[in-house]
Each structure stands twice: as structure tokens, then as C-alpha cells.
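You will see two complexes here that share chain A, one where it goes with chain B and one where it goes with chain C.
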Partner chain A sequence: MSAKIVTITSGKGGVGKTTTVANLGVSLALLGKRVACIDTDIGLRNLDVVMGLENRIVYDLVDVVEGHCRLRQALIKDKRLSELYLLPAAQTRDKTAVTPEDMIEVCRQMKNDFDYILIDSPAGIEQGFRNALAPADIVLIVTTPEVSAVRDADRIIGLTEAAEKSNPWLIINRIRPEMVDRGDMLSTADIIEILAIDIIGIVPDDEVIIVSTNRGLPAAFDNKSAAGTAFRNIARRLEGEDVPFMTLKDSGGFFKRLVKLVRQS
Partner chain B sequence: MNFFQRIVGQRQPSSRDLAKERLKLVLVHDRVDLSPQMLQTLKDELIAVISRHLDIDQAGVQISIGEGTKRDRLVADIPILPRKRRR
Partner chain C sequence: MSHANELSIKGTRNGLVINIPDDGEFDYVLEQLETRLKSTAAFFRGGRVALQVGWRSLSSQDIATIGEILDGQGVSLWSVFSQSESTQRAAKELGLEIEAGAVAPGASRRPADLKPSGEKGKSEQAIFVQRTLRSGQKLEHPGHIIVIGDVNPGAEIVAGGNVVVWGKLRGTVHAGALGNDSSVVCALSLFPTQLRIGTHIARSPELRPPKTKSPEMASVQNGEIIAEPWISS
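Let's turn to the complex of A and B:
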């Protein structure tokens, strides 16, 4: 097997990159794939905590790059699933400890042992982002339906294309259909029109995400969670399956308004 | 609001509409690193060059940085004066 390397990035912080990586990792593993997740947010690591593996860290990405340990020793196996691994970031260093070439080399060493390598990019456009982007075969760009996030996503799309990683895919996270209907939130259609890239996932705002992070148990394990289902659908689309997007009463078009009015009267 | 207005959704612009318009405008300038002064210089030079070959309505020339589905596009709208008006 030769892994597909998927970098999840956004520009803006706090839009759900780490949540996406954790949940995609679980989802793909639940589909029987062999998955490794790499946290490149050196100095501000969080993928370990979101995945619930924080107390299993012995070695990290910087230890591997600097040759203090073998790759196998740093990879943490998630015991809840047969084939999910985490390569955590270092917490006491910063993003200059690793270069894009280091990242390409680490992924090269891992490529034959996994079906997917998911790379959690830090926020921003500096070294950390460049490190995360370097080995990518596929780039997923996460945004929320907010002006700042969409603006930053646009910049990231430009930088991604400039790095010759063509066809990044969009994930819209934390959409709230009631707010879209009221005219208080950008719709999926608005965002796609503005950013003009293909969409691979729409994830509703879901309280379960907070609970899942509290527990260190990603929502993708939870069949009843809307967000969990959305992430599992993204995993299926990555696998090439044509999964229809969940109808989230989104976009309130002309005819929907007409139907609603007629129903009310 | 009367029934027709409610059908069409007439109201003052929703915050969603405002967000969309503001984003489109801000991204037009984010995407192309061209200050308003540089754009004016470009416009003046473009007018000078085209005027060497065609009679144009210089006051009616409009130059803008494009937006929408084509991510980066400079659009020039240059009215050409019809033959009979040429001196």
C-alpha cells in the first residue's frame, strides 16, 4: 500500500482542523483503512488531546526528525481501533525545528505502512503551514461560515495553488442552518461561490464536538452525532464514494420561501 | 411588509448579504496586490496606448480587478468612438 497524504489546513485558527483530522482518522480507520495522523503544530500541540492519546506520548515528530528515536517508537497506536496511529508534535519546541524537506522524508518513511497519512496543519501561513503542505497529495481546506475564516481560506487557496498542490477541497465546518435561513449566516452556496473550489464536506455545528473533546473520544465514533456523521461521510468521499450531502435545510432559496409562506397561511 | 415583499424576501439587506458583499470586495483586493494608485497609473497608461491605435472615449474607460468564478482577472471596458464622430 502506498499512502495518500492528506494535509488539512485553513489559515484561520480555531475553525476545526484538528477536530477534522481526529474525526477523519477515526472514520477512515472504521472503514478498515490503516491511518496515521501527524500533528505539525509544534509548540501548540492539540491533536493528541483531541484524540485522547495525550498520556501515551513518549517521543514526538521533532525526536524523529532529529534522530533521537525511530519512527516506530514515536507512533502511538490508538487502542480503540485496529489501525489508527498518531505522531504527536513536540510541545517545547517551535515550528522552525522541522523543515518541509523533513516532513517529506518522514512521510516517505511511512508511506508503505499506511493507506492514509493525515497531516494536521497549524494556523497561519508561515513555516508550520509550509511544513504541513510539503508532502501533501491531497489538500483539505477547512473554513467556518464567517467573514474572517473565509477570507483566510481564500489566501490559503492561493498559497496552496502557488505551491502546485492543485485542486484543494473545501470543508465547511460549524454551519448552523437555522441561522442561514434567518439570513444571519453565510450559506454553503455563498461560500462555494466566493472561494470557487470543490467541496468535500459540510459539517453542522454540534455540541457533541465539545463533549467529544472533553472525553478525548472523537465524534465519529458516535452514530447519533450529526457532526460525526458528516465526518464519516467525508471519509467515504475521500475513498471515492459518491455520498450525497446531508440535507441541513440550508440556503433558503426563493421556492423554499414560497413553500414556507404557503404552509404558514 | 406586504405579501409580495415577503415572497421576494425584501428587507434591508440581511447580515448574510452584507457579509457576502464585503467578502467579495475585500477578496478582490486581497487577491491582486495592486493599490488604487497603481491601478490608476495602469489605467492612464492603458488609455495612452490604446489611444495611439483607436479613438476611444477616455472618460468612459472603466478598469476593474475581476471577481467571481475566475479568480484573478483584470477587466477593461473601453468605449470606442464611432467613425462619424472622429474629427
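Let's turn to the complex of A and C:
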């Protein structure tokens, strides 16, 4: 077994990198894959909270890198899925505690025990980002339909290309179809026009995400959640399955579309 | 050009120029240079400078020493202007530019200096780039720049000559950056964040770019940058 190393990054903060990692981790584990998530946001760790594993942390990434513990001791097993693990970030240090070479070495040690290693990158383009990017086989770039997030994503794509990583994939998070319809939000097409990379997922804005994040129970467990379904679809696409993109509709969907059809004719 | 006995560093439209006085021990000059750079290091960092050495004769070793001092402060040496032939030869050996006339500080840079008509020299060559320029990426060239691909918002192009973009131009572009107002900018979709030609600056209207648009060419007419649709006749 040799794991695919997937780095999730964005440039801009707050667009949903950590949420994406947690949900992809759960989704892939639900597909029966062995998955490890690594939080590289040293000093501002969040992934443990979103995955609901905060109170189980004993050792972290920095302890592993500095040889205070063995890798196996730092890996935390998820409380619901036996094939899902978390390697948490240290909270008391900063990004310089780890180097890109350290990350490559840690991933090399884990490679044979997992199908996927998901790396949660910190925001920014400095050392934390370079640490997260170094071991990546696949880069997923998360953006939201905002000009500022798209601008940062563009910068990140440029840096990813400069690091000679293969073509990154795009995840558009938090899209609101009714706002796109009104012309108040960048559409998927607008974003693709600028970034010109392949898209692997479109995730609708969903209140469930906030609730699930606070509870430490990723939305991907919830079959009724639109965002959860979108993340499970991304996991299937990573597995090479051809999953059509969901038709996103607002709450008054059917009736409104009928009105539109009537107006058009 | 009169030379004081002091070393001076001037910002010009074409970047920084360090003036090295004709008189004085070379070691003293180096010392001065180092002191000046250190006191203002942050300002120079990442930039490139030209050296103006007047009649002083420098060996390639001397120039290399200066280059090292500059490198140490994160500044790169790209050009040496000199009236001394031996200095010019030395600079050439190191692969530096020696075109004094085009960018000497204070010298007027009339468009005539840079007319593309039959002039030789590196500054009139074009570079050709076939990829998309993304936010944060910058392309600089003393001659013309041709891009096949898009120039995204946040990307920057600075050319001494003309700029042609076979794609969408949405970043910042400066044509005729050495002061040539007769340069032009062409793009299949011309909607730059900011467009500069020579000494003129224009902004795109603050509207979203229209979906379909014909190719356009921007040039300076009567002191203003004008973009006109390109219609082949």
C-alpha cells in the first residue's frame, strides 16, 4: 500500500480548508480507505476541534519531528471510524518548528500504512504553506466565490506550478445558487474563467457545516446535508469515479424554476 | 554630466542608478557603497541597479566585487554605463548591459532613442511567453513582450517596448516603460487593472468586463491612453 498524499490549501484564510480536510477524511474512510489527516497549521491548530478529537491529543507533529515520540504514538484514531487517523499540529510553537524536509520524511514513514494522507495547510504563502506543499502528490485548492479568495487561489496555483507539482484541482466552497442567479455572486463559470484549472468539487453553503464544526462531527456523516454529500462526491472523484456534479437549487427550487421557464417561453 | 566626489544613488524611471565618482580610491568607493546600502537596505532589496562610472577604469574583477556587495544586500547589478572603453569591455565580459545612452539618469529619454526602427541591441528584442501569468507573477523585459495565454488580475507586465497578449489581459501592464510613449498594448480582451504607456496611466472603468468583446489596441493619442477595437480591414 502506498498512500496518495493530498494537500488542501487556499492562500486566503477562512475559506474552508480545515472543513474540507475533515470531511474528505471522513468520506474516504466511509469508502473503506485508510486515511490519515495531518494538521500543519502549527500554533493555530483547528483540525482536531473540527474532527472532535481535541481531548485525545498527547503528542503532536512537532513531537514527532523532534523525536520526542514515535509517529504511532502521535496518531489519534477517530472515535467513530477505525480507519481514520489524525496527526495534530502543535499549539505552542510556530511554523518554523517544522521544515519541508521534515514533512516529506513524516509522510514517507506513513506512506505504507495508509491509502490517503490528507494535509491541512495553513493560510498564507510562507513556510507553513511550503511545509504542507512539499510532500504533496495531489494539490486541492479551496476557494469561495469571492474576488479576494479567487485572487489568492490564483497566486497559489502559480506557486504550485513553480514547485513543479502536477496540475492542482479546484474546490469551490460555500456557493449560494440563489445569489449566483441574481448575479450577486461569482458563478462557477466566472471562477473557472480566471483560474482555468480542473474542478473536483462544488460545495454549497450549508448551515449544517457550522453546527457540525462546533460539535466536532463532520457533515460528511450526515446523508441529508447537501455540503456533506458534496464532500462525499469529491472523495469518490479522488477515487477515480465519474460522479456528476449536483444540481444546486435554492429552497424554493422547483416552483421558481417553473416560473423562470414560463417567463422564458 | 558633472560628477561630485561623492557616491550617489538615484532613483530613475528605469530603476536605481549608482553614480561612482571619477576620483577617489576604489577601496574608499566600495566602503561608501557598503555604508550607503546598509543604511537603506530595505529600500533597495529585491531591486536591480545600474552603475554609472564615468571615466573611471574598472577591471572585471572590480565590477565583480561591486556586484558581490550589491548581491549581499539583495540587489542585482544589471548594467554598467561608462565612457571608459576598458570598463565597458570588463562589463561585457561579465555579461552586463553597457548601453549608456538609453537609460542614463537625467538624460532625456525621447521616444526617438527607443524607436524599434532598425536598432540593434538586446533592448529591442522580444520575448515570447506561452503560459498564463497568475497573480503575483511579474514579467519584465527591456524589449517587447508577447504572451500567449491570460494575464490574470494581480499579475504584472513591464516592457520597454510593446505588449501583445493573445488572451485576456486583466493584470497590470506597462508598455514603453523606459519612457516610450509610442508603445502600444494589444490584447484579445483588454481589461487591465491598470494600463501604463510610457509616462501615462489609465485605469479600466470599474465595471465588470463585458462577456464578449473584440480585440483592442491601446496607445497614447494627444496625451491620453485610448483603447480602440481592432477591426481588420
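Going forward, the second predicted complex is superposed on the first by the 250 of 265 C-alpha atoms of A that agree within 3 Å, B and C clash if a C-alpha of one lies under 4 Å from a C-alpha of the other, contacts with A are read in each partner's own complex, and residues count from 1 in each chain.
Following the convention adopted for this analysis, a contact is a pair of C-beta atoms (placed from the backbone, for glycine too) under 8 Å apart; a residue touches a chain by one contact, two chains touch by 3 or more.
What you see is a predicted model; the values in this text were computed from it and never measured.
Visitor: After aligning the two structures on chain A, examine chain B and chain C and state clash or fit.
Guide: The answer is clash.
Visitor: A:Ile194 contacts which: chain B (first), chain C (second), both, neither?
Guide: Both: A:Ile194 reaches chain B and chain C.
Visitor: Report for A:Gly240: first if it touches chain B alone, second if chain C alone, otherwise both or neither.
Guide: A:Gly240 sits against neither chain B nor chain C.
Visitor: Touch test for A:Arg155: chain B only (first), chain C only (second), both, or neither?
Guide: Both partners.
Visitor: Now for A:Gly67: first (chain B), second (chain C), both, or neither, which partner does it touch?
Guide: neither
Visitor: Choose the clashing stretch of chain C with respect to chain B from the list 6-14, 42-50, 60-68 or 168-176.
Guide: Residues of chain C that clash with chain B lie in 168-176.
Visitor: Do chain B and chain C land on any of the same chain A residues, and which?
Guide: Looking at chain A, the two contact sets intersect at 151, 154-155, 158, 194, 196.
Visitor: Touching residues of chain C toward chain A in the complex: what are they?
Guide: Going through chain C, the ones touching chain A are 132, 134-137, 150, 152-154, 170.
Visitor: For a test of understanding, state which residues of chain A touch chain C in their complex under the given definition.
Guide: 151-152, 154-155, 157-159, 161, 194, 196
Visitor: Which of the residues in chain A end up touching chain B in this complex?
Guide: Checking each residue of chain A against chain B gives 147, 150-151, 154-155, 158, 180, 182-187, 190, 193-194, 196, 254, 257-258, 261.
Visitor: Looking at the complex, which residues from chain B come into contact with chain A?
Guide: 3, 6-9, 11, 14-17, 19-20, 22-24, 26-27, 30-31, 68-69, 71
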